[in-house]
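When the chains are written out, they are named A, B and C in that same order, and each has its own residue count from 1.
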Amino acid sequence: MSNLKAFPTGGLYLLLFFLYLFGPLAVMIVTAFNSSSFPRISPWECLTSDWFFKLFEDETLIAGLGNSFVIGIGVVLVAVPVGLAAAIVLSQVGPHLRSVIYAVFIAPILMPGVVIGLSTLIFWDRLGTFFGADYDSFFYSGMFLTIAGQVTFISAYSMLVFLSRLQRFDPTLTEAALDMGASQTQAFVKVLLPFMTPAILSASVLAFLASMENYNTTVFTIVAESTFTTVLAQKVRYGLDPSISAVAVIIVGITLVGAIIFENYNRLRTQKEARAAAASSVPPVARFATNPLVIIGFVLVCMIGFVTWVGTHDSSVCEANVEQMKRAYQQEQLEQQRNRTPATASEPAEQASPPANTGGGVFSPGNLAPGQPEQEEAPASPFGNVFAPENLQGGD
Amino acid sequence: MREIGRFFSGFANRNGLPVAIYLLVAVSTWIFVLVILPQLTMFDFSFRHNLPPPKIGGPEDVHTLEQYRYFVMGNEITGGGVNTLDIAVLFKTLVAAVFVTIIDLAICYPVAYLLAQSSEGSAKRLLVLALIVPFWVNEILRAFAFRILFGATGVINGAGMQLGLWDAPIDFIGGNVALYAGLAYAYILLMIFPLYNAIESLDRNQIEAARDMGASWAQVHRRVVIPYAKPGIASGSTMVFMLTAGALAAPQILGGPSSLWFTQIIYQWFNSGGNWPRGSAYAVILLAICIMFVLLIMRVFKVSIGEIGR
Amino acid sequence: MTKDITLDHVSVSFGDYTAVDDAHLTIAGGEFFSFLGPSGCGKTTLLRCISGFQEPSWGEVRIGGKNMAGVGPNKRPTALIFQNLALFPLMSVADNIAFPLEVRGIDRKARRKRADELLELIALPGQGDKKVGELSGGQKQRVAIARALAVEPDILLLDEPLSALDLKLRQHMRRELRAIQQQVGLTFIYITHDQGEALTMSDRVAVMSRGKVEQVADPRTVYDQPASSFVASFVGENNALPGKVLESGDGRMVIDIGLAAPVTVAAGKGRGRKLKVGEACHVFVRPESVAINGDGDINRFNATVIREEFEGQVRHLIVKSGETELRVTQVGYGNGASGTGASVAMSFAPELAVPLPIGHLASA
């Protein structure tokens, strides 16, 4: 830290900031494992992996994911070459023209996504009308329109990636290639492109992710079809459901794993370069624990563990118990009410109580708390599959 | 004209014909077919009547100011007056976007400064990496997380009531608290990174020199760090304002039932409203305001567009 | 096979700025030829004209009698070694050397064979699979040369390739470059601002200033018989003494340079220029040409030592006589006389002084 005195406050501030950054995500992730049908932490009902299964059974979401994937690939295939071309053109024009062209190239990033989406929609619709195209031609295809709309601004993103890499390119390398008899095309393919390869990779990842997560433009251009994001938005708008939290768990997980692998790959590379340096001073245990390969391996083991857990964990017994307790609690309330006002309470009581057939007020609400941890630790019960998740939710 | 011809022949000489063709075709397709022509079409469309498809291109398809008149005056049937509803929504959207931008700037400046000027290499890299992680979580999910936090039975109401701060659940959604918090959260990284990049390139000796000459920390920031970070501040503010003003997902998910975001009106005209020309006109209005905002920022901060886009 | 290179009244201008002004000279095949001049003198532009990265605004570049106008750098029989070497960082050493063959469509095996031959030539056998980043500065230098030689060009162009090296390595590489040039028998055109490099390696040197070629000659001539006041002041150390011609006669001139008495200098015979009586001029006297306590009678004067600079093998005295300051260099401790304030008698031979008309001098 530049300022030792400010360190405690600064550190505290950073801590609070990262809490703010990750807190909402953490809460969301935890709700994915609560069997409560509304995404919440308290009251905690049962540790469950059912929401993941519900997710995999959601056909519209899976179909949307498929569409998003196709669109993402399409966007990468178009936006990355366009971005590269834009960066190269920009690097070749004079300083005066450069600022003008730069402003034009950067404009799609600054434009609201909504505007890009609907201008794309209108433009191709007009064009389709002009050519008298059929309604099933690409002018009206949601997939095509979405790729066109997203490429508009994602090209500018990838251009920025290429520009920063291009700044470090030594143009004498191209001259050297030309001088040694290479044609301009050869110099481009053999010298410039290999230099740009890392940037091409990162621009591709960036473009794909930006495409996957885009909503504002896509919601206009997708027309009758759907993408992962639009399905998700639909789900969120029309009812909160912990299976959305399960989506978040998966996405956060993938992002974290990606980030860890990326970081360790980088560290591996720097380590390779300066291997001899500090190897001796670190105790062997610490060295083992911080070895990038060990970390990557650990992450992979965790992932496999998690997936197996999701596949095998069975919370049905616990959930049945919670269900029972809820009913018992209701029953008890009803009886209390009935005792107090026996005449008027009977009607609503019949309505409120579902086809309750399990044993009555054996469990009081007070018994709930101690019962829970036992159930959580309970291993997969042999007759768990009798209760399908849908049945359990129906009783709420 | 000859200048252009000379530029192209020079360009082809420099890159070789195949590469020159690739570069020019890729860039011109992008700029003309994907950016400029759709904008022009939308602009033209916003000056037309809402006609059923068979009548488009027919004698009734003439230019009109009807759509813009509606935005200002409202419906003819409801009588002259002023369309207070839509204008109020636009105004509210802009004010809220400015508010969110200021909040983000206030939150991010210390973070960017602390991160950029701290020396620990690998810890710093990890923190910067940690900043990026939430950014790759879908926008919808980020809004959803705030829905969970701020719901009537959400974590915040739960904690607040547990601690006895308030008795009945507070309606954060209806009061738009959830919306503003969610928007500020959603675009916070677009504020942090420009600031971080700007401050990181500041030579630490400058700060130390200023301290050495007796400047207080407030003075160091006011006279040294902030002027230096100005392009970053301009860039971050522009990005956050643009994205907030143009946000659609967060208002749809977190907005209270009575409040509308301007983009939602555009969305309604396109979907349930079925009036594309009117939606276009509203989009043109939004775009024009965004352009004015960028120009304003450039003027106020005396920066070029290149510094904003970075 | 060696080819002459002719620069036929070549000029290059960028807008109002003239980078090369009417360069007119011929470089013989097999020659080690240097362009020497301070930065911004136009030597790099001239090199780019020869290699084809720059078209002359006027005039012609001919290689082997053939006009090179419109011939791209990839079609000329020249190979350029860049100032920063421009080795491809992502390729191995062998791939770098074989690159010119690769772009000519020669198969991998033949390429590798040629690369190995060249590695042999530059004394880096078996290092072909290394990455460029693993080489030392001098090794990179040699790889760049090998790469340029891969397709047997007629002319090798070198753009200050030694400037990034430290002093010892630079001196070693001078000898090595010269040895390689003699071994392969190619024309080397060498660009440098370092006169030591130009003088030690070259057969002939062209001294440039402000876009103009001031003199083309072998190193000895450039040093002893500079053709202009710029060359005299740029190459080696020199005392530039402003003066006025009093007499101009048969092989001799008498010039007043502000000493107690006018001096006599040799004129004509390649040494300096014959000047008219009354003309203002510079008389150049090299610091090592001034004798202290010598026995010469001509051009003898007394001076006071005002400063002494000790540099190891040589010692410089800055002396003053009348209004004229002179720099005098002695090997070792010379002829005694030393110490600031000491008065010494000095002299120089008429044929070691070079009178030239007033012109611009190299800035210190």
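As a convention for this text, a residue touches a chain if its C-beta (ideal position, glycine included) is under 8 Å from a C-beta of that chain, and two chains touch if they have at least 3 such contacts.
Remember, it's a predicted structure, so these values are computed and weren't measured experimentally.
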Most centrally placed chain, judged by C-alpha centres: B
Chain whose mean Cα position lies farthest from chain B: C
Gap in Å, rounded to a whole number, between the CA centres of chain C and chain A: 65
Length of the line joining the C-alpha centres of chain A and chain B, rounded to whole Å: 21
Rounded Å distance, chain B centre to chain C centre (Cα mean): 60
Set of chain A residues in contact with two or more other chains: 183
For the chain A and chain B complex, residues of the former touching the latter: 1-3, 6, 10, 13-14, 17-18, 20-25, 27-28, 31, 38-42, 81-82, 84-86, 88-89, 92, 99, 102-116, 118-123, 126, 129, 148, 151-152, 155, 160, 183-185, 187-188, 209, 212-213, 215-216, 219-220, 229, 232-233, 236-237, 240, 244-245, 247-248, 251-252, 255-256, 259, 262-263, 267
Chain B - residues contacting chain A, complex: 11, 14-16, 18-19, 22-24, 26-27, 29-31, 34-35, 37-39, 41-42, 45, 53, 56-57, 107, 110-111, 114-115, 117-119, 122, 125-127, 129-134, 136-149, 151, 153-155, 158, 185, 188, 204, 207-208, 217, 238-239, 242-243, 245-249, 252-253, 263, 266-267, 270, 276, 279-280, 283, 286-287, 290, 294, 304-306, 308-310
Chain A residues touching chain C - in the complex, by the definition given at the top: 170, 172-173, 175-183, 186, 190-191, 194-195
Residues of chain C defined as touching chain A within the complex: 51-53, 72-75, 78-80, 82-84, 86, 88, 90, 99-100, 102-104, 147-148, 150-151
